[in-house]
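Next come the structures, one after another.
Each of the next two complexes has chain A plus one other chain: chain B in the first, chain C in the second.
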Partner chain A sequence: MTRIGEIVATHSLGFVAESFTLHQPPALGSLVKAPLVAGGEALGVVCFGETVGLQPGRRALRRSDEAVYDSAIYQEHPELVHTIRTEFHAVLVGWQEGGAVRQVLPPQPPPLHYSVAVCTPQEVRAFTERLDYFRLLLAAETPLPSEQLLAAHIRRAYADRGRDDAWLRRAAREVARLLKEEYDRLVTVLSGIAPEGGN
Partner chain B sequence: MRRKRLGVVTDGAFNAGLTVRLDPGVSTESLRIGDFVIVEGEEYLYFSAITDLELRATDARVQADPPPDDAAFLREVLQGTATYATVQVKPYLMMRRVSPAEPLAAAEAALVGEEGPRPVKTIPMHFAVLCEAREEDFAAVFGAEDEAHFAVGTPLTQDIPICLDLRRFVERSNGIFGQSGTGKSFLARLLLAGIIAKGLASNLIFDMHNEYAYSVQREGGGWAKGLREIFGPSSVLVYSLDERASRQEGRAVDGVLRLGLNQIEAEDVLLLGEELDLTSTAQATAGLLQDRYGEDWLRALLEMDAEAIQAFCAETNAHPGATEALQRKLKEVARRPYIQPQAAFDQVDEMLHVLEGGKHVILQFGRHQRLLDYMLVANVITRRIMRQYEAKWNRYLETRREEDKPRQLMITIEEAHKFLNPAAARQTVFGTIAREMRKFNVTLMVIDQRPSGIDTEVLSQIGTRVTGKMTEERDIEAVLTGVGNRPFLRGALESLDTRQQVLLMGHAVPMPIVVQTRNYDEAFYQAVAGGGRRPGRPEDLAGKLEELFG
Partner chain C sequence: MPLRLGSLGREIEEMASREVTLERRQRVERAREALRRLDPREVRTRLGDPRTVTTFVAALPLGAFAAAFPAPEAPRDFSVAAADGSSMGPDRHFPVRYYVLNTGYAVITYGSRPGAILDSRSRLYFRDEEVYLALQHRTLPVEGAILSAKMAVEELATLFEVASQAPRPVVALTDGVIILWGLQNVPEEVQGEFLGPFLETLGRFAQEGIPVANYISLPGAHDVVNALRVGLCPEAVVNCARCEFEAGRKDSACASLAGVPDRELFIYLREGERSDLFQSRAPILEKYKEHQVGFFYLNAGQEIARVEAPLWVLEDPRTLDLVHAAVVDQCRRGRGYPPALQEAHEQAAITTADRRVVEEMIEEAFARRRVVLPWSAKERSKRERGI
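Let's turn to the complex of A and B:
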């Protein structure tokens, strides 16, 4: 298991983790996992990422000039990496224990300071076989619109599943079923996930 | 083999029928109005017909803002999800499933034999599955070919024979309807061939346009055999009204028919009122004349001079003008070449004898194709046969011996609305047959393109209706007189093709169904000449049924 972050806030619906790599939280919509105290692992979908200063509420100052900008700033100011951090949020969509996958909220939130890892393509494949968790994703209260989150997740999973077109169509139909009375949101998701040239 | 699933029941009422949501992937284009389908309930199978197809959307915005043409993926996903189709299904018959306890998904819903299909008395619950019918389902409802069941065609979407129960067909009066060009006479020939092949009734056919006995040209070219050619002279006898036509090569007739003035009764004049353009006073005069002179009334009238007419009118209170008009018009009748002053009923009685012997009679009209000829002759002959038949029936009631029972007789007439319009139906022999002769084993097969002209009381007595395409509102109304679930049947009627497609409904079919009629070709001749079984089929089908139903 490749650890990518540590949980810094947690609750029944999701958690916030600090990423081990600055500026590079896991991709939006990717499936991540965190251990549960009672056994098994909680599964979440990355729904938000940000890089902020250590002091809450204080905005960063401009540091570039004509000659020094972008990554050169960090070489110029090596102390900078110690004053900022990259965080990502995940919404919980299920949990797994001993090979069994459940697409409901885990009984407890994952514990604080425990590690977060990205799920392997095999785990993604196993988890996305059923699509009941789409409801959880659509209902999640996230800073970005839930249909954007869902579209991002489906795109990721499609890639992890090796561009599985049959799955993509199945997922699209499931979304259409869930958003049957919200045509505009539905179209947003569907145009976000349409395969190249297929839209 | 499981039935192919089409959708699930989501709504419904016993009276209005069931609403079924089609499964994604099932196209409305694969279904047709009138299709025979099965609803698999928990305990019963419901044999049903599709009565309507409807397109729906979960969100009205889809309809206001449909996906653009280039959004193929979007369109594909929306089909069957945000946009979907429902079908209205009308259950007609129900039958207990083999093992009610068996869960639906696992059930290999086979059919039970001991309890055949019954009229529906309930409806299935939500999420009962709608399926395509299989061959066994058709056979369970419409029967397989046997001594009474005759395959008349196939459903529009499947190649499975649909049978008419000809025994039930002949025991009531029937109608073959359809606007002109829908192949009514081919259809009539098909059914007559079936009845002759199965030997279920004797047929007397009044063949106005000479098309039943010998070959006629098909519309698309080629020739279609007549009944005489299929069944031979030992079974089908041909009489003609036209001596000249009777001498044609290869079209032998067994007799040339003559009518005598003495055989024409006042009732015939009533029937011909419209053809002869007679006033009702003139028609009534015929009755007065018959009262006064009896059987000889017509000859007496024709021989009257002005003085005699005066004397007759003074004596009976008849109207002189009307009497003169009647005389003038009936002179026209007397001049018809097949009329002679006096004739006995020998020829008609000979026909009757033939019919009683289980054979069939076709009366051709040759050149005499005016309605006047057709109606007069058909009426005179039928009246005679009717009286004889009634006498025989009464004798049978006395003796109660099976050999005295008159053989089932079916009389085929064309242009039926002329005989059975409200005015004529009450007074002529055809009206009587249609209304009450069923109990004497005599029925009619009426062929007509204008059923709206037929008396409603007669229409309501018509057992089986075989109907081609119709568009005229009044005719559709008339055909559907006394039939349940008219909106559906109306839709089915309007959507028929003009060729070879008919709606069967009534006494001889357990539920209405639209069929593509059987081809009237060499294979058909072979099949009916050999007893009405389809070559190669009956054994294996019978075997299958045996297996299925025990």
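Let's turn to the complex of A and C:
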């Protein structure tokens, strides 16, 4: 298991983790996991990422000039990496234990300070076989519109499943069913998941 | 709203109108003119004359009054170490006497292998010999000036420790800790208590060849202006105690410069340039032995800053150039203020929440031993704010 972050806030609907790599939270929509005290692992979809000052109240100031910009700024100001952190948020969509996968909220939130890891393609494949959790994602209260989150997630899962076109068609039909009364949201998701060069 | 802003307003207006007057502008102009015109050799002779008596502290010009030296190029690879301290307590209203010193530090390495260490050291002092200073005939509580001196000693010791482990060349910066002004008005015995270890640490810096300097933003010192006042004195022997102008004639050449801060003199410096060197003659320095302190003023980009350092730093052109170059480079990187000092300060700061946590930890430790700590009734009433 490759640990990518540590949980710094947690509740029944999701958690916030500090990323081990600065500026590189896991991709939006990717499936991540965190251990549960009672056994098994909570599964969440990454719904937000940000890089902010470590101490509240310290704002970032412009550091660049004509010669020094982008990554060179960090060479010129070696202390910067110690004053900022990258965080990501995940909404819980299910949990797994001993090979069984459940697409409901886990009984407890994952514990504070525990590790977060990205799910392996096998785990993604196993979890995304059923699509009941789309409902949870569409209802999630996240900083970005839930249809954008769902589209990002379907794109990631499609890639993790090795460009599984049959699954993508099934996912599209499920989205159409869930959003049949909300044309605008439906179009947003469908245009967000259309494979490149197709529609 | 108990603070009556209306009545403060009138006084604020008066304060502002007094600061911004033609008379004050003329004072500054006269001081600048004296800086250009006066011969530093004459001022040196006068300050060296044992008959000279002044009511103010005047700096000794070691070179020219109005010179300017451009910043040398900073080395390709170098480090800057900085330390800053803050304290919590002692609190008279808390039932046990203790205080916490938190010394923050930053070591930033620039060049081909950039890196940074930002951290702090926290210690709680509670033993009798820590919270009281036992002198020959009496005992003094460690607070106020004594606590500040203790913090300065800790700060300099931590600074030496982290600077000596940093990749060379390294410049060590302190925030207000070189001339221990606070010790000037405490009993000699107390001075000795803190000056001993303080000077010992300065000696370690010297031994290791690590330049240490104190960076002062918006300096309020007047000692160069005071040197000009000595130069302007019309008497053959400068003796403020016998000054005939003191009584009535306020427009004497000397009095007409009083109150002008040195920083107003050095606005002719261009960005990165420093003034010539001066030696501080603060009374406490009589006890500094081989660590006499000098200073220069510097255009730090957004203001005229003052950099103080032991003379062994300033009189060696290599360490002088290194300090000058490193400080200018720091100010360029930090938008006018050295980032190493800023980060050391961030590490040192004790927030209100931190304070509360420490108090709770202490209360809990006593509670586990079945002792409830009673706050003073006054403090409790302030916290409850019942109506």
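Some notes on this structure:
Convention: the second predicted complex is superposed on the first by the 197 of 199 C-alpha atoms of A that agree within 3 Å, B and C clash if a C-alpha of one lies under 4 Å from a C-alpha of the other, contacts with A are read in each partner's own complex, and residues count from 1 in each chain.
To be clear about the criterion, a contact is a pair of C-beta atoms (placed from the backbone, for glycine too) under 8 Å apart; a residue touches a chain by one contact, two chains touch by 3 or more.
It should be emphasised that the depicted structure is a prediction, and the values quoted were computed from it without experimental measurement.
Partner contacting the larger number of chain A residues, of chain B and chain C: B. When the two structures are aligned on the shared chain, A:77 is found in touch with chain C, with no touch to chain B. When both complexes are overlaid on chain A, the residue A:91 reaches neither chain B nor chain C. Applying the stated contact rule after C-alpha superposition, one finds that A:36 touches neither chain B nor chain C. In the overlay built on the shared chain, the residue A:61 is in contact with chain C alone; chain B does not reach it.
Touch criterion not met for A:116: it reaches neither chain B nor chain C. Of the two partner chains placed around the shared chain by superposition, chain B is the only one that A:184 touches, whereas chain C remains out of contact. Residue contacts after overlaying the shared chain place A:157 against neither chain B nor chain C.
Applying the stated touch rule to the two superposed structures, the chain B and chain C interfaces on chain A have no residue in common.
Against chain A, the residues of chain C that register as touching in their complex are 106, 108-110, 114-116, 118, 333, 335, 339-340, 343, 346. Those residues of chain B that touch chain A in the shared complex are 24, 58-59, 61-62, 65, 67, 70-74, 76-78, 80-82. Residue ranges of chain A in contact with chain C, taken from their complex: 55, 58, 61, 74-79, 81-83.
Contact residues of chain A toward chain B in the complex are 169, 172-173, 175-177, 179-184, 186-187, 190-191, 194-195, 198-199.
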